[in-house]
Amino acid sequence: MDAPLLAIRDLHLTMSSFDGEAHVLNGIELTVRRGEIWGLVGESGCGKSLTGLSISRLLPSPPARYLRGEIRFEGRDMLKLPISAVVALRGKKIGMIFQDPTTNLNPAYRIGEQLVDVALAAASHDPTILDCPPRAGRRERKRAARRLAAAMLDRVGIPNPEARLDNYPHEFSGGMRQRVLIAMALIGRPDLLIADEPTTALDVSVQAQILKLLKGTVADHDIGVILITHNLGVVAQTCTNVAVMYAGNIVESGPVAEVIERPAHPYTRALMAAIPTKETRRGALQGLGGTVPNLIAPPPGCRFAPRCPLTIPACTRALPPAVDIGAGHTAACIRVEEERAAVHA
Amino acid sequence: MPEPILVIDNVSKVYPGRRGMFGRSAEVQALKGISIAVDRGESFGLVGESGSGKTTLTRSILHLEQPTSGRILFEGRDLATLSGAELRRLRARVQIVFQDPYASLNPRMTVQDIVTEPMVVHQDVLGLGGRQRTERAAELLSLVGLGPQHLRRYPHEFSGGQRQRICIARALASGPELLLLDEPTSALDVSVQAQVLNLLCDLQDRLGLTYFFISHDLAVVRYLCSRVALIYRGELVEEGETGRIFDAPETEYAQMLIGAMPEVSVPR
Amino acid sequence: MTDLAHEPAPAAESGGSDRLRRALFRFRQSRLSVIGAVIVGIVLFFTIFGTFLAPYPDQVAGAVDTAARFQPPSAAHPFGTNELGQDVLSLVMAGTTVSVLAGFGVVLIGTVIGTLVGAVAGFAGGWTDEALMRFTDLTLTIPSLILAMAIAAALGPGFVNMVIAISLSWWPGYARLVRGEVLAAREETYVTAARAIGASPRRILFRHILPNVVSPIIVKMSLDMGFAILTVAGLGFIGIGVRPPTPEWGTLLSLSRSYMPDYWWTAMAPGMAMFLAVFGFNLLGDGLRDVLDPKARR
Amino acid sequence: MLYFTVRRILLLIPVIIGLTIIMFAIARLLPGDPVALAAGPNATQAEIDALAQQFGLDQPVWSQYLRYVGGLMHGDFGTSLLTRRPVAADIAAYLPATLELVFAAMFLAVALGIPLGLLTAVWRNRWPDYVSQVFAIGAISMPRFFLGLLLQLCFAMWLMWLPLGGQLPIIMIPPPRVTGFLLVDSLLAGDTQVFRSALAHLAMPAVAMSLSPLATIMRMMRASTIEVMQQDYVTTARALGLPKRKILFKCVARNAISATLTVIGLYFGWLLGGTVLVETVFDWPGLGLYATKAIVSQDMMPVIGVALVIGLLFVFANLVIDLLYGVINPKVRYS
């Protein structure tokens, strides 16, 4: 197997606030290879967005502080690189898409100009993107960037791309804006795409189209994707792999079919039981009591223990390590083996 | 056959174009001849995407807006013909829970003030004294899974799920028969959403409420509602029993919408 | 339903005091607003006791000492004496009362009128709103200083007339602010909820809208105190408003103009007093805004 | 756009009517006897009555008002009781000096305030930011007339670098009047000596006037820059690797300036109406000084005229600002 695109190892992050320092990422482990779509799933406040932002070092520091761990992107540790080197990777090697397509485009500029700016910034590190002679002048490069922008709009399925370049963001619908943002994220030909809740603000029908577009992009360009979402359904329909996060930990991860069909961690199971499916009978939905723990003084041991139906005294002694349960499927629960044995018996 | 509790009869709503800085925008037809009947005790789901006219319809039922044409009848009586006093009495019987639990509670009022407010407003109908109101507020809080110890607190001290429970308690305070639920769980995490949905089921069984459930989340509607109506751009596209609609949608729009539902199962 | 029981109670023991604690913390964090509060404290102290603490109280009342004209600053007269031989320090100390009380009166009257107009306009909407706001905008287009000067001149000199004159040019800012806030509050979901309950317009206005509009008004009041003091002094400087012998900073400054540059000290104390008082109120208002009006946080 | 402009200009008519009504009400309904004041301390009652009759002040208020508005249509702003000269001529004589002062102050405030605001936002919470914040609050708190006195004391009386006041020394012959702006007219006439002198005279009053708007524009610009820097689209721009310089000057500056524009428009009116104090200190022959003299003698026609002209200029300035706003912010054009 070739070297992974992205390898996050034992990442610890704290954020300071009025109340104290919150331990928001507590030993994240994640490996993304080309061709994979990783779903990073969990409820609000579990640290999934922070993980995404950490990869391209977008968190301001302070309040953010990395205690230990590494984020290796194509072998280089992003946390040790000088910030200028990280900026050079943004947009060029790592593309990002965020949740709200209405606020993520600059309202004061035509979208063509915004796309051209990103393309030119990426081209300053890799001139081949623009597909024009290396000694080309400014105007020629700009024209090439504009051609590229139109081609990108076409690729993300925006009809009549040439003319649309001269439109302002508010002249597009929500779904179309998200397509523009995807085009913008892909224009520098990144190897890794981080999509943070890209469809949460969209209607279901548009969501399906955008997810299809993402899947197609991975197939066409052999890139790796991290899809951050709170919606397990989106993960099931789109991703190849999934990592379930709870209170700053990845509690379970593996191929999507494995995790969805044989969830091993009690939190994953609780999450799935809370989603109404076709078979759920009225009144049979299972909520999850309690709330996400306070991360300034997190509970000892397993952070899910206070809400877990299977808690035993040993759970609160130490943070449970991720246990490999075959087929690349891991779960961070000390009772996972006996649970599985019980299910199979 | 018993009379439906709520009848929406061929309701249309047109917003005149707004005058902007550089001209006038076109008028917007938010609702185009919608007709729906909701039976007593049932859960009726109204599904639509953004811009479908859900919000306008909800506001019209609450009589916060007047439809351009058509009638809205509650227990057979046209809202438009009611006098001010009658309308106020009606408000005690039709209540609403909004989507955003953070915005729908007045930050300057205690939970007690919030929950007792409908009782104060409808003093003439309910006839509760100060102490009785506090007692009833405590009862209502217990009913929605909170407790009397929360009465003196302010909304900002509660989580989203707890706030939504307070909203439900407030909605129940005047003893309504019809509850409009305007996406009550879409701002909540799934685990909390499940709790609130369970609470709603439980309350309906206990109190015999009628739900008019507005949502864009098909899975939630399928779970909670017995009948569903789909609206698209102000028009009623399809209506029927929940099972029938989800298993065999007739219109193209319904098929597309249900096909786009992200189910938590791995596609084969 | 059983799984709800152990949803934890809110963390803070008592939310109100916790909020206050945080607010105080935020306020104290900005050293500048603390300095502002201290200056304002001193200014208010002189507002009340200035006349009594003045070293030459009889001169505050109008006594002159022609033998001691234009003495430069000395131990006996830290800011020197003026053309009538009066102790400048005493006059400035006593002048605090006039300036601060006038400023406060202006802000208070302006707030009351403005809030009334703005709240009615924003809440009633429609024709009432249109009429009131057109009138407000119209008043705003008249240069406020000239308007105040014209009214003050027509009413004649005197403390109360001056306060009234400035107030009448002061309220439109509050009307605009309050109307905007009321309009915004009116769209809040909790107001819709109150309407759905059947609450009366009065109840909605007084229980739901106004309490949520108070913070920005207080912030504007504290920021406006400084400007009101400046305007009062400006009128005095031009010679409209309070007349000597009532000590007033602007008047004192304007009198000293004729004796520049030889007797420059007669101008320094009133000018610096004005500057410091306004500076204090502005620093304090800035800090208050950070605490009370997080929306407008800079 | 054209439709909008025309509509806004037509809206000036009710503004004129409203302004005249308010000013008339103040002039006529408040106590005070301007005629007696104008006739002088030794005038007999008969002389006073004759004067009142001459100026039509014996008529009912509404008929005075109608006559005044009728005159306005012919550009007649009435006659000053004190100088017995037509107000329109006086305003035409004094307005350019005031405008010159206001434009100079506004230029200083905008040219320094916007870049300083942008810079302090970038240096947020570092010492240059703190220093400039204190400076800004201090500048806003400084009474213009006291600042003017200090400047005079320092640069005119002690250092003697700059003239004490006025617009031009009496011995200098002003250039032929073309625009009314001394700086422009002297350049047009090619008279560099007058130009330099005019500039020297303008320097101190312009600085005294500009300090407060400069500080406010700087603070506003800083605040809106900080706000814009927290917008999602700036995060996206950062995440997609746009260089920092480009983010600041392109994405941020444009959006931040459009928020600051409103303040600039408001300050234009504030400056126009606030020249009174600075003109008094520097003996600047402008509208403010003219209005002050009229107010002190309760000569109301000039006061109404000045208020009307300044009010209209203010409304006009805001129209320009709104149009600029539409140019900078494309969304406004359509919604």
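Each chain gets a letter, A, B, C and D, in the order it is written, and its residues are counted from 1.
Going forward, contacts are C-beta pairs under 8 Å (C-beta built on N, C-alpha and C of every residue); 3 or more make two chains touch, one makes a residue touch a chain.
Since this is a predicted model, take the numbers as computed values, not measurements.
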item: Pair joined by more contacting C-beta pairs (C-D or A-D); value: C-D
item: Distance-maximising chain from subunit B - centres being C-alpha averages; value: D
item: Length of the line joining the C-alpha centres of subunit A and subunit D, rounded to whole Å; value: 54
item: Chain centre separation (subunit A, subunit C; CA means) in Å; value: 51
item: Mean-CA-position distance for subunit D and subunit C (Å); value: 23
item: Per-residue multi-chain contacts in subunit B, two or more chains; value: 159, 195, 198, 202
item: Residues of subunit C engaged with two or more neighbouring chains; value: 3-5, 7, 11
item: Per-residue multi-chain contacts in subunit D, two or more chains; value: 334-335
item: List of subunit B residues in touch with subunit C within their complex; value: 62, 64, 87-88, 91-92, 95-96, 98, 100, 103-109, 117-118, 121-122, 145, 149-150, 153-154, 156-159, 161-162, 165, 167, 170, 174, 195, 198-199, 202
item: In the complex, subunit C residues that touch subunit B; value: 1, 3-5, 7, 9-12, 15-16, 19, 188-190, 192-200, 203, 207-208, 211-212
item: Footprint of subunit D on subunit A - complex, ascending; value: 56, 58, 87-92, 95-96, 98, 100, 103-109, 117-118, 121-122, 124-125, 168, 170-171, 181, 184-185, 188
item: Interface residues, subunit A side, partner subunit B - complex; value: 43-44, 174, 203-205, 207-208, 211, 230-234, 236-237, 256-257, 260-261, 270-278, 280, 282-283, 285-289, 291
item: Complex interface listing, subunit D residues touching subunit C; value: 14-15, 18-19, 22-23, 26-27, 30-32, 133-134, 137-138, 140-146, 149-150, 152-153, 157-158, 219, 222-223, 226, 269, 272-274, 276-277, 280-281, 291-292, 295-296, 298, 300, 303, 306-307, 310-312, 314-315
